[in-house]
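Letters A, B, C and D mark the chains in the order given here, with residues in each chain numbered from 1 onward.
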Amino acid sequence: MPDPMRIRAVMMGDLVDVKILMSHVMETGQRKNADGDLVPAHYITEVSATCKDKTVMSAAWGPSVAKNPYFSFRFKGGAKGDKLSITWKDTAGGTRTDEVTIN
Amino acid sequence: MKKTRRDFLSLTGRLGLAAAALTSGLFSRIAMAVDTRPAFEATSLKDALASIGVTEHQASAEIILKAPDIAENGAVVPVEVTSKLPGTRSIALLVEKNPHQMSAEFMIPEGTEAFVATRLKVAETSNVFAVVKTDAGVFHAAKVVKVTLGGCGG
Amino acid sequence: MAAPSLFSTVIAACLAAMTALPAGAEQTSEEAIAEYHAMFGDENPAELWQLRGEELWKTPRGSRQVSLETCDLGKGPGVIAGAYAELPRWFEDTGKVQDLESRLVTCMTTLQGLPESEVLAIKFGDGEQKSDLEAVTAYVVAASRGSRISLPLDHPAEKAAYALGERVFFYRAGPHDFACATCHSESGKRIRLQTLPQLTTPEGAQAAYTRWPAYRVSQGELRTMEWRLQDCFRQQRLPQLKYGSDVAIGLTLYLARNANGGEMVAPSIKR
Amino acid sequence: MNSSLRVAALLLCMGPLASALADPAPDLTATLKAAFEDKRQATLDRLDQDETQKLCTQYRDQPPAEVAQEIAKMNLATVKPPADGKYLGDWKAGEVVASTGTGLQWNDDPAKPNGGNCYACHELAPAEMAYGTLGPSLKHYGKLRGQDPAVLAYAWSMIYNSSSYAPCSNMPRFGHRGILTEQQIKDVMAYLFDAASPVNQ
C-alpha cells in the first residue's frame, strides 16, 4: 500500500495555501539499478484536489516530476475546518487519497 | 509551535484514507507502462506543445518563473510559477533538454490562484519553460537552469 | 507568434545570463547554490520517513507483539526527546557503546522479538525497497531538533571508542591513499561545488553532524549516519564498512563529540 | 653525524617495527579488517598500508623534514617517464579523465577506464565553474609555465606520484598506484599544457 501523503493546508488571508509531499519513486523507466538493469517506469500521472465537492486543482504529470514529489497551490473558497482531499494515480494502477482539515 | 506542527502531521497520517487499488493485472501493466499521452511522449518542445493544442505563444513578463540559476543536483530542481495574466486556465512546465520535454500541466479552475510550485528533474543544463494558456492566448516565460556535477565519486 | 520566437527569447535570456556572470565566479556559484538550497524551504521529504517511522515506533510487532515505545535509547524507556543528541553512548544491558541505529536493532530484536536477519534485511532503502531502520531513525532524530549535542564521554569504553574513531579518521589506505582527513581536515575547501566541513574542529563538526540524517535529493532517500560513513568509505575506494561495527560507532562518536554543544536540526535536506 | 647518516638511522627506526612500537594499538589494520567486508573489486587487502601510507598516517600528513625527504625519495624512485619520451597526448581525452570521478569504487564498472577526477580538487578550464579547491588552481597551467622539459618532467612526476615532490599530499599517486594508465596521464598532461586546451584559454 502506498505511504500517506503529508498535506498542509493553511489559511493565508482568503486563500488556502496547500503544500503536499507525496511518497513515490517516480521512476522514469530510463534509470539502471546497481546490476545494470533498467528499472521499469513507475510514476504519478494524475493529481487532483477536492474541497467541498469542487475540484480546486487537477494536474497531469510525467516522469520528470522529481522523486517524492512536492506540490503547492492556493485556492479561494475554503475555510478553517473544511476538508481538503488529494488523490494521485500512477502508471501501475496505484492510487492514494488523503484528507486533511484546513487549519 | 513545533509541537503543534508535529501533532498536526501525525494527525494527517492517521486520517489518511488509503486506497491502494492495485488491479490483478499489475505486473503486465508495470511491464508495459508506456505513457500513451501524446504530450508526455513528445520528444521536442514544438511537438509537446502542439499536443496540448499550443502552436502560437509569446513571451510575457506577467509570468513569474522562479527556478535556481544553478542546481546543485538535477534530480530535484525547485520551480515556482505565478501568472498575473487575467483568465489563466492552465500552466504547463517543460524542460527543453530532457528526453521528454513535457513535465507537468496544471489546470487552474475559477477560484484557484494561477500559482504552482513543484520540483522537476532536469537532465542537463537547460531552459525551463512555463507555458500559460489564457482566454487571450498562450504566453510563456523561460529560465536557464545550470546543472552542475558534484561529489567525490561522480 | 510561432515557436521560433520562443527560441530567440531564450537565446536572448542566455546571453543576458552569460554576460551577467562576473569574473569572480566563485562567489557567484556559491551564492547560487545557497539560493538553490533556500528554495526547498521547510518542505523536506524526510517528513515522509518520519511519518512512517512514527507508525513503526508505535505499532506492536515481532514475536512479542509490542511496540518500540519502551525502547531505552539512553534516557530511559520510551524517551526519545533529545536522545539522539546524546548518542552514541555506553549501554549497560548490552555492554557496548551503541549508536542510534545499532540500538534500534537491539530494541527490535530483544524487545519486539524480531529476527535480526529481518531487521537488517534492508539497511538502506532504494525506492520501493524501504528501510524500517531509516524510517525509525528519522522519527527518533527529529525528536532531538533543538537539543544540544552532549557527549560527556564518562565511560572508559566511550573514551576508547572516541580514540578508535580518531585514529580511523586519519588512516590512509586504498589505491587512492585516502583518509577521512584527506577531505575533512581543512576549513573553507570544497569538492567541485560542495563545501567540505572541517570535522576536526567544533565549528566544522557541528555544521556537519547537526544536519545528519538527511534527505539526499541526489538519491531521493533519507540517509542516516551509518549510511553516510559507509558511503564515504566507498568513495575512499575501501571495502564495505559493516553496519553497527565498532569502527562505524567509533567514527560516529568521534564526530558527535567534536560537535559537542551544536544544536540538532536534522533530518535536513542535502544535495 | 652527517645528515645522510642521520636520515639512514632515522629510517631504520621508521621501519614497520618502530612504527608499530610508536602505535598505541598496533593492530589498527586488523581492527579495520574486522569492521569491513569485501565488496566486488573493493577487497579487504585495500586496507593494508604501504610504507608511505603508514608514515603519512603516523604523522597525520605532517612528517618532520627528514621523514618527508625520505618519503619523497622513495616515491620519486617509482616514477616511470613515458616509454616513448613523449609527455603530451590528446587534450580532449585528457578533459574526459579530468572530469570523470568514477573508478575503483565497489559500485564502479571495472571494465570502464578509471577517472582522474582532477576537477574535484582543482580549477582547470576557466569556463568550468564546478571545480574544487582542495588543490591549487591549475588554470592557464601551460600558458603560464611553457613546455620546458624540466617543467614537463615535474608535472609528469606530480601526476604519476604526487609524494615524489609533495610527501603526504592529498592527491592520489595516479601512475604508481595504477589508477591511470600511461596514456591517460599523457592526455591529462596535454590538457594542462596544450595551447589549444580549454585550460589555457
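Basically, contacts are C-beta pairs under 8 Å (C-beta built on N, C-alpha and C of every residue); 3 or more make two chains touch, one makes a residue touch a chain.
As the structure is a computational prediction, the values presented were derived from the model and not from experiment.
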{"item": "Dominant interface by contact count, named by its two chains", "value": "A-B"}
{"item": "Most widely separated chain from subunit A, with each centre as the mean of CA atoms", "value": "D"}
{"item": "Computed distance of Cα centres, subunit D from subunit B, in Å", "value": "45"}
{"item": "Centre distance in Å when subunit A and subunit B are each reduced to the mean of their C-alpha atoms", "value": "12"}
{"item": "Separation of mean Cα positions, subunit D and subunit C [Å, integer]", "value": "30"}
{"item": "Computed distance of Cα centres, subunit D from subunit A, in Å", "value": "49"}
{"item": "Of all residues in subunit A, the ones touching two or more other chains", "value": "4, 6, 26, 42, 66-67, 70, 72"}
{"item": "Where subunit C touches two or more other chains, by residue", "value": "29, 47, 51, 183, 191-193, 217, 220, 234-235"}
{"item": "Shared-contact residues (touching 2 or more other chains) in subunit B", "value": "9, 12-13, 75-76, 78, 80, 148-154"}
{"item": "Interfacial residue positions of subunit B with respect to subunit C in the complex", "value": "2, 6, 9-10, 12-13, 45-46, 49, 55-59, 66, 68-73, 75-76, 78, 80, 96, 127, 129, 140, 142-144, 148-154"}
{"item": "Subunit D contact footprint on subunit C (complex, rising order)", "value": "25, 29, 163-164, 167-168, 170-179, 181-183, 185-186, 188-193, 196, 233-235, 237-242, 245-248"}
{"item": "Footprint of subunit D on subunit B - complex, ascending", "value": "148-154"}
{"item": "Contacting residues of subunit D [partner subunit B, same complex]", "value": "99, 101-102, 105, 108, 117, 119-120, 129-130"}
{"item": "Of subunit A, residues touching subunit C in the complex", "value": "3-4, 6, 19, 21-23, 25-27, 33, 39, 42, 66-68, 70, 72"}
